[in-house]
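Each of the next two complexes has subunit A plus one more chain, namely subunit B in the first and subunit C in the second.
Let's look at the complex of A and B:
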């Protein structure tokens, strides 16, 4: 039998020291909803497991005009948190579509980011709010804009010695929504998902974010489509044009859940609906 | 855009086999306290076969159901049943229980004969008692017979077990003159009406309401009949809309490898409104007119939902399941052909 050391540090300093010691051979365990499946299928074979549940990272608070979300905050917590409901409801919308009650009770927002699936349910909502990720290592902390965090499916700029500590969310203006299509209505990985945020002044768009999930190697911000909206009066024709542009920026693939052809068709409809909803048309 | 449609389907479902042999056995044992133990081999997978066979035993032995214990805890140790398939248990196994009950009543009369000082033919069994015909005061309860058979008390001890076996009558493979052949034991009849909303931009089909009515001969346990009707909807929905082994056949690359990608419906995928109904026309082949139907409840929803999709978008989808991809491609082909 393979030897696996298990550590359950109770302080961040202790945790990052363990990661510095074990490096690539360590796996970070939070809720375990992704990691344990990977362990069971021998997709990863770490020699050390560093459990983060003892670090008290399950919190949401407002600090200096930002929401600060601990990386260990469970999806179930996000779904019932008052601050999230009042100031960042699109994240709660995304949380409601994530897994099953059992999964949501264990899975954490930091885990969803760390797994870095192109289909990660919580990521598009964080991206439309320009969230920053705070990474900690034994050498100190650094802040990475979420836009720069993902580098490929399952790949991020996080080094093996770092852990995701917090997510800082600026309380940007405007209305945001999240939409997701899957093979069924619950407990499902998305075929395509989208989050959009529009800041409107009368009928004119002041600021826009459009993010697609499951449509590229990483969750994708569609900046050309966003640019089409800024400063424009948003009507149905512009929404349709913009949705088509957003999907044109993506690179969907065929997989067991859907074909690229379907993703492009349904994704266009999904973005158009999300835009129309937030623009109130 | 969401388009609404309604569709219906009728189903004939054969229950039980014939001719090739479709046997079931049962045993009923009298315990010293007068309670009964029913042993059957039909495997209860949650469909309720043990429950209804217990009901039959209580009814045929004319005792409260609380006095009958039924078990199929291990079919290695039980009288055999050909099995829980072909919707056959409700049609076939009650005959074995009925024969076992008759056999037990006969053995009770024979055993009580010495104690009641009367010839077995002059004894009658009714409502948990055995008594001398015309002299109901000279009687023994099941508890008295059971106690005596275990502990003696005037007669030799005995284990009183009624056994029963049954299978449908064999028949000639076919009538050489007409070719006619009674291939199945009984047929149950079902009707299903589905209402759907088809999203023409995403291809998603939402079954908003589903009604299913079944003619079951005799609803031995109406709650179980209802649950079997609604239970059949689950595989019916999955077959029609989501469960796909080879999504892009003939390319096997994306065959699902787990139950995350092989999408069984969840409760959220169920229709918001599910109605059900039971009709009863006693069937001559069944005990008390009962026959099976349950597998048929899976067969109604697929054609009814497909007909509703046709009603909504004017296209007959001729492959299962009608995934969002299949729907969108069909809509595009229709548009292309004008």
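Let's look at the complex of A and C:
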């Protein structure tokens, strides 16, 4: 039987020291809703578990015009947090689609980022707000724009010695929505998801973000589609054209949840609906 | 690396020797003989292993046992008091809210968490809250009905709502 060590640090300094010691052989345990399933099925065989539950990283605060979200904030907390509801409601919308109540009580926002699934429910909403991720290691901290964080399915620029500490969310203007399509409404991975944010001045779009989930190896920002909207009056024809462009930028695959063909059709409809909703048409 | 885990199980303190990769479900079923929580999928999808951790529903199959140190765990075994079934248990029984019964321990714990948070849920709220608990026999309608009658106070002991 393999020997696994368990550590439950109570300070960030202690946690990053453990990660520096154990490197690739350590598994970082937060809510465990992804990690423990992988352990149960022997998909990973770490020699150490570093549990972050004792670090008190479950918080949402407003600081210097930004929201600061602790990486250990549970999805259930995001759903009931007043600051999130008032200033970043698109994140609460995404939280409501995530798993089911008994998953949301444990799953954390940092875990959703660290798992780095192309289907990660919380990621598109963070991407439309240009969030920054603060990573900590025994050498110090660094800030990575979310746009540069993901490098492939399950892969990020986070090294084995780093932990995700906080998410900094600038309170960008405009209206944002999140939409998710799955086989049912709860307890599913998305077939396709999207978050969009439009800043409108009268009927004219000043700034736009369009992000697709489950449509590429990483959550995908559709910059050509965004560029189509800037400075334009947004009408139904432009929305349809822009949704088609967004999906054209993606590279959906066939998998057990849906075919690439279906994802492209459904994704186009989902982006069009999201854009029409935020543009008020 | 074996360690001693101490926590409160159904109101009583327990100490048990565990390994770091054992889940709360492993420890409950295989070391403490608490077999109410069932092993369905071991993946968090089915809900039959649901227990309450400090009053909140969690998947015991996705909970590393050592993370519950010092905390309170409630399983279906802890629902009844002095041999008296909990109102939800009575309602599930009398309304036929199961056939095979495999999902019932998880259903009851989720339903208790729902009513603790929201004593008068709408039908939609019940369906949403119970969405992570699967019933292969398809007793969903009876399960919703049982929760509704408890919310209406029908099985409340000594008149008041539980």
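Assume the second predicted complex is superposed on the first by the 281 of 281 C-alpha atoms of A that agree within 3 Å, B and C clash if a C-alpha of one lies under 4 Å from a C-alpha of the other, contacts with A are read in each partner's own complex, and residues count from 1 in each chain.
FYI, a contact is a pair of C-beta atoms (placed from the backbone, for glycine too) under 8 Å apart; a residue touches a chain by one contact, two chains touch by 3 or more.
Given the structure is predicted, the values throughout are model-derived calculations rather than measurements.
Applying the stated contact rule after C-alpha superposition, one finds that A:187 touches each of subunit B and subunit C.
In the superposed model, A:133 makes contact with neither subunit B nor subunit C.
Judged by the touch definition given at the top, the superposed model places A:265 against subunit B, while subunit C stays out of reach. Shared-chain residue A:53: touches subunit C; no touch with subunit B.
When the two structures are aligned on the shared chain, A:256 is found in touch with subunit B, with no touch to subunit C.
Of the two partner chains placed around the shared chain by superposition, neither subunit B nor subunit C is touched by A:163.
Note: residues 184-187 of subunit A belong to the subunit B contact set and to the subunit C contact set alike, using the contact criterion stated above. The touching residues of subunit B, when paired with subunit A in their complex, are 199, 201-204, 242, 247-248, 254-257, 260-261, 263-269, 323-325, 328.
Every residue of subunit A that touches subunit B in the complex is listed here, in rising order: 181-189, 191, 254-259, 261-262, 265-266, 268-270.
Every residue of subunit C that touches subunit A in the complex is listed here, in rising order: 1, 3, 19-21, 23, 42-45, 47, 50, 53, 56-59, 61-64, 66-67, 69, 110, 113-114, 128-129, 131-133.
Note for the complex: subunit A touches subunit C at residues 3-6, 8, 29, 32-33, 36-37, 39-41, 49, 51, 53, 76, 99-103, 105-106, 184-187.
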